[in-house]
């Protein structure tokens, strides 16, 4: 492993995070949500650092060597490896919410298609689905779960600014879509984050199916 | 295992039920019908008791410790664990039909979407499908298989009352959908119940596909 | 095994046929084409006998004890087991074509839905698909592959008569659908029959997809 | 192995190519992209030779004996085996681009349906999808990725001429569809070629889904 660690981070801690990321990535790859080396994943290591996937690797076959340490400004720490191009979207989560410890970004067909379909509306609004209760803080199908769709760009600061603007307007945010691209979601630990992602994919799938059927 | 058993229930009997529930749950989880810790499953243990899944567990990884004993009023017996929030819908089946011994509640995408689509009609009416014969008591594709769709609520007594009203009106009932939620079905043993569930999912899938195609 | 064999049929021959049927059934079950104990399969054993699945068994878990011997009038030979209710459709193939040695009847969602959709037309007509060449005798995508759809009935002699009428009219027949039910296809050996079934499912899937898309 | 090799090609080189082809074929077969013995695969061996699948084999169970050597005019070298009927489309790639070392031709349902749907337009034009960046040379979702759809024919020289005409007109080409048939794509090594194929299938899937949904 070409990853050197700061004295304050024990190897066992970094390895635990790397293994948790690789395990989650393998499950998501089998589902087909990480096509053609897309998608990226991270976990917080401590108040100032996160572990994140190195750019361009096949997400179904990650090992510890495919995960690297960064600081919360997105700089590589103790390695020459290049973090994902979208690292700034991960560190934004860790900086804004001290209680959040994992971020998953996937790229399923449903996520890509839903983002295109609802891009003009600026958001997908979900209501009436029992599974909304799988998102932490939701206790009834009668609530509205709003997932913004931001325009895609190859320039990350634009996206960071859009997320900040949404949050600074005081709106709740548990996940967001990027147009033609995929989804970002997070949670207090990897299990909660995976549950959020699984529920969001299910809800988007249901919403698209219902749209097709209601038109018929 | 923190489950104490009444003297009248041998450990081997409870364990047989717990294992049968865990095995069925694993198969249903692989099919994607239990997303994000949703769904619940039970089996009758004797005239006064049932074994049921503990609330909130991942349905693909259930062990004996994830199953608990309840009486037919839905009270925990010999454990501090909390049964599924929807326990009253399971015990209703065991109280009304002494010959029924297993209840499966799942939450597939097809079940969720079909329930939304047919909620206004109050029921899905299936006719002309050979697979209707997989439901006990049906011998020809010419019969009508009616599956009511009840409004969703977080208050279980309302749902119990709707099921009672349907049955007290003398209508046949082999399964029901809850709007935006999922399906309940039951049988004399786990194999029959699994056959019912598999056939119902297939029939709902076919009905939705046909609706999309007939519109085109 | 409660199957007694005539002196002219060696045990090894019957067992080879039973194993080939069970292997094919397992593959088809994994694909979801045999829901809820539906579907039935057979192979010719000699000029006067066939091996066929016993009624009502789970098609993903067949062993030699789930296969029985019949004569070509559909009578059980050397066993008290009950053959599939649709045995007459299998024996019809073996009686009309001495060169045919395997019959597969499955019940996939696509087969069920396509049969309902094209029932009024009396047939599905496929043209322009390269995979039509997977059906023995077809050498170009420009040919027309016609698959009749017969009305469903619980009375087998009606179906036998419809198949006979089609063939007696001199029309080619490689497979047929039964409305709301499934497909029958056959071949000179199990490999050819499986290739036919796989190609037909693919072609029906494509035809339904294209119909949905052309309407949009 | 009935494959004799020219003195200039070590057995280990041919075997490496054969194993890489068989491994890729197995993965593509599991995805259902090679139905009923369709599809064919090749890799360059040296400046004058390629290894290619023998005609008509089941693509999920290829071994070294199912791969043969050809020269770049499509003639068998050191074997009596018959190469795929579509060999000329593989050798065309190796002759036109010295840097290309692998060609994959599959036959998924999505590829078949998309080719029929867009045949009249002569091409599928993809824009706005982040995953376009998985095709070598594409760096933004704002670019247009054009995949021509050529008419199907059982006469290969016609197809070769259409590909040549497209390229001679100076248009970029990373893959092409054949109407009612499937896709061809290539790359500098097998990993790049598999990434191209995976991304193209995903993009075609998304485009078809979006078309269905935009109509609703």
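Order of writing sets the labels: A, B, C and D. Residues in every chain begin at 1.
Here is the rule we go by: a contact is a pair of C-beta atoms (placed from the backbone, for glycine too) under 8 Å apart; a residue touches a chain by one contact, two chains touch by 3 or more.
All of these numbers come straight from a predicted model, not from anything done at the bench.
At the chain C-chain D interface, residue numbers used by both copies make up under half of all numbers present, so the two copies contact each other through mostly different positions. Averaging Cα coordinates per chain places chain B and chain D 47 Å apart. As a whole-number value, the distance joining the C-alpha centres of chain A and chain D reads 33 Å. Shared interface positions of chain D, i.e. residues touching 2 or more other chains, are given as 212, 214-216. The touch graph of the protein chains shown is a ring with every node of degree two. Two chains count as a pair here when they touch; such pairs are A-B, A-D, B-C, C-D. Contacts from chain B toward chain C in the complex involve residues 128-131, 134, 139-141, 195, 198-199, 202, 205-206, 209-210, 212-216. Per the touch definition, chain D reaches chain C in the complex via residues 35-38, 107, 109, 112-113, 116-117, 152, 154, 178-182, 208, 211-212, 214-216.
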